[in-house]
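Everything on this sheet refers to the single structure shown next.
Chain nomenclature is as follows: A, B, C and D, assigned in order of appearance, with residue numbering initiated at 1 for each chain independently.
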């Protein structure tokens, strides 16, 4: 049975979190990996959540977190440094847990935590395409949270699992969602993905230095399938996949943080460049309306300079939560093309999960 | 009046160069830039050509070449080091000159040399799209050399200008040519281009380090238009542009040498992956048949490993003259997709021009 | 005659700046270069200073600053973006100007501004070794500001020039100052300097990528001589050079920001590692005592982890103003050795000058 | 019992290898690692040696070598690709084996091979400081091969172990040896080491990209101690350590191949820069005299250009076997300083061992 967060019932569990309420305790599964560290960095000073419990594989369990290797440029918060790393034992730890587990163990571990009553807000890929698991981007498909009652019923879980998409799929879907009214029909994307997306130690430096690796295992399929689920409609307790055809090529480039994507899109409806620019500018969603703490304002930023966005100069904009677009122009094959940039471990991973949890808190779904 | 190459008439000027003939003297216009240096490196020990004359802008003129900064990992040939850099004066220098001039001055300078009777084999972009100038890839469109008599007549030149394509267009065209029988109809390409393509000093290190620049001025248009000219048919003294629609996005990545390209193609005719692989394998052209010294044997190499070709590991294969392909698979949008790699300063620049000159020598077109 | 800062007399000009006073207007000479941009970034939201005037060479003069290329990852402040770039005309602009001018023009330009009554707080190298110009590190030699009355008298300036040291000399001097009581006698240092130290466009990417350049023009001499001046004593209106012998080798490495230095030191007095660590820990100076806005607290941080400090992970610590040390151990040749890291465009350039101006404001020397 | 090399007795085993003799079969222990691959690349087309046997840890044993991942830019020789990887079983394989084993297993494995009668020419660190094992640089201390009879007698081995130094110690020792007549007394060195020195996968790309790691485990001690052994005199069956004091700081920089070293030296005897330059130029040793196939001619090259040698431009010179020096100038602390460059996996590893074996072959010590 998960520990209860003192004094925050019912505010944080049965209803929406409200300013002035005590912070909600959260745990992190897989706290020692690259994404786990990013969770900790982003949750330092979070207005709603407080990291009180860290779990990881057996190798690290029992150690003081501050004695492990911290590999982010921001400083490890002192109060997190003092925590011990716990074993991955479902039932222990707070009601709300973020999962940054490696996919080799996330599948079973997350189910155990959901069974034990935890709300598992996961960045792992394992359950993303499960028809009963919301694959959530709060600006795009908040209504997919409507899957949760059936999820609990069918799976028999007292908790729940909610996931966020693959880091390269994330910005593509956000941009396509902003253009949904014009009905995207066919999408061709080539990604130039940063190294942090592969975790730590991840890509060997001899492979990354002054090189391009034209392949990332499993990545293209995730982009192609997750996009269709997230853009899909929730109809009678099921998500109908969106009909858009997506073809992806994923490459790894020697960039630390930031996925750049070259995108061409064909729409069902005629649309002008001015309309597309307006759609980018006007795009907004529930996180912006609810003023969720991690919501980028606005979610999409368009760069007029012809050589932007660039990872080194732009990836940290808006706290790494903004989807950046540039170079909108005609595509001789599909009609329109542009370039995207997104921070893969923030908007594409830990920040995405935190925003999901914020939406659930605001909707009183953390109970 | 260009100096004559002693003793090599008529072998090298009025007819094909033949083994045992004396080497043909060549000059290099723009000898001090990045491509100029690559010409010198590739022509060291060339069996047919001998560098005897170097010309460059006024800043370097009069200096001993060996006293300038040599920026290639291969060693500067001693006999080239001893040459003085001459001014860019048409009429001086050998009959055959390679041009590595910057486009800011190549336009006029190359015309002056052609007027003065030189055969100008140029890597510069200025005259590529001139309807009377062959934009030549010996494996693809050797028949475009048929433009030369009309070029001389219309322009009133006693010499001639022959060009090679842009470094990013080069491998795309070679691969499309190998598949010509299936009639490429629409092509979407995203390039990840190496730094040497921008010359020296070129891209600032603060822009290149751990970064992607999603824009290269003028590059996309070159890829889109040059491809259509090279694949076009020579009909009655004019090249009919090929109808293929090409849409390109060009990016700069922190790679020293090597352009990687992510390509999707739609064909008019149905074609299987086996047929495409066979087309790559069987592709060959005049350079291979004539066994030209710089001809790659074979011109296209396909990699079975899923994560290849990679610039750091593969770009030097076949002396930098081979077009390398990998990752052929279905494209949900256009039918087929794959990844290319080509050495941008060898197959995409100096090596391309040298192969053009070799073809002209073999066809007795250097007279 | 420099414009007066409205309403801030005498607080900011005749006496120390005090909380609650209006901000002091400042101008930036060389506002478009790499260090000029860093000044703007660091002065955004500065509690004492407000950027109201930007000057640069003729090429940029007359343009709106926001229309020029901004090359820092932080966002250009909107109110700075609205300023026009002015010509480098002494007498125009605020009383206090920061100089980020290129050394090719800083020499004369700074003198003109000082003659016209400006306080020039300069990062340029031109006047650093002038016996009448303070080469200032507020933690190390604040008393060198005592040169100013004689400077004005001898030079006949109504304004003044104050400089900060070379970016690679800066952390070395700070660390040696912390150990001054043990009398550093001989110092051997090899620097591994980041690319931003060369300005923009600076080092060509073809020279920087996957490479080391074992030479930086003029850098070694600056380290060797500036160190001796800064550590020197002010005796009767002159600085006596410190007797320490410094030997430097400067290299350029593919790092964006951050100079790493490998340092060996021989002391006149015997000192233990514990005493050295204590000296690092206890080091503090006027900026800390006066709580100047840009003062790092503490100025020196020692890393226990054997593989730290590292530029990518550590350079931004303490806002880029902290000098970081690690790997203290015995040196078989000189006695003690360690590794340093410092942010070259913050603590080593713009941040250094701002701290200098803060000290002058606090000491009522901006009048 | 090691297999015999057909037909090459006694030429290759009991006496010196001579032109016209059949090639000597060699095996490689640890053939799948980074150094193992470098051995294979360097031995392709070797005039004396022929790779006929590859051994590696159990994970790879039984596989066809060509089916494993080849990570060098040069092509894997077809005849090596066809070999199967054998288990590390002493007694199997040719008489002469090169060892590229990881130090975690090299210690015992090499002893087993020596006991079983193999000549083990090793790049591993395990036995380098064993008083009975030659730590050999053929240009520097060929007479240390005189340890072998005692080694066999004391250890009871029918084979032998000969080692080469650490990759960062190598060029330092070569240069100090060239200056031996002036009696080097104290040496301070800071190394900037390339990534390939850490093997594969080695350094994580997130640690290497745009970063410096100011620490390499165990490296500094190797430089400090191995230098003294190699420069030591062989007196009555034992090597007297040379009295030079060496202090090293080792750093890792984002360079693929090449260790750059900043070196300061104090000599017992007075020496001028001209004498030092002459010593570099005139240095030569047994490999040059015997014209061993891998001997660099000359062993040391001095660069006059102030910004050389550089890894990207120079590391492949002389087949990666030349020690390159530049920037000789006065050192205010120790008298003289300069910069070195050496190819760490060729002159510093596989090439070093091959040269050792060539010397042994020429001296009839492979019997």
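Throughout what follows, a contact is a pair of C-beta atoms (placed from the backbone, for glycine too) under 8 Å apart; a residue touches a chain by one contact, two chains touch by 3 or more.
The structure displayed is predicted, hence computed values, not measured ones.
Undergrad: Pick out whichever of the two, B-C or C-D, is joined by more C-beta pairs in contact.
TA: C-D
Undergrad: With centres defined by CA atoms only, which chain is the most remote from chain B?
TA: The chain lying farthest from chain B is C.
Undergrad: Express in whole angstrom the distance between the two chain centres, defined as the mean CA positions of chain C and chain D.
TA: Their C-alpha centroids are separated by 44 Å.
Undergrad: Roughly how many whole angstrom separate the Cα centroids of chain B and chain D?
TA: 41
Undergrad: So the centre of each chain is just the mean of its C-alpha atoms; given that, what is the distance between chain B and chain C in Å?
TA: 49
Undergrad: Give me the residues of chain B that touch two or more other chains.
TA: Those would be 71, 207, 209-210, 254, 256, 312-313.
Undergrad: Taking the complex as given, what residues does chain A use to touch chain D?
TA: 34, 71, 195-196, 200-210, 254, 256
Undergrad: Which residues of chain A touch chain B in their complex?
TA: Counting only chain A, the residues touching chain B are 186-188, 190, 192, 207, 209-215, 224, 245-247, 249, 251, 253-256, 258, 260, 262, 264, 266, 306-313, 326-327, 331-334, 337, 339.
Undergrad: What part of chain D is in contact with chain B in the complex they form?
TA: Those residues of chain D that touch chain B are 71-73, 75, 209-210, 256, 305, 312-317.
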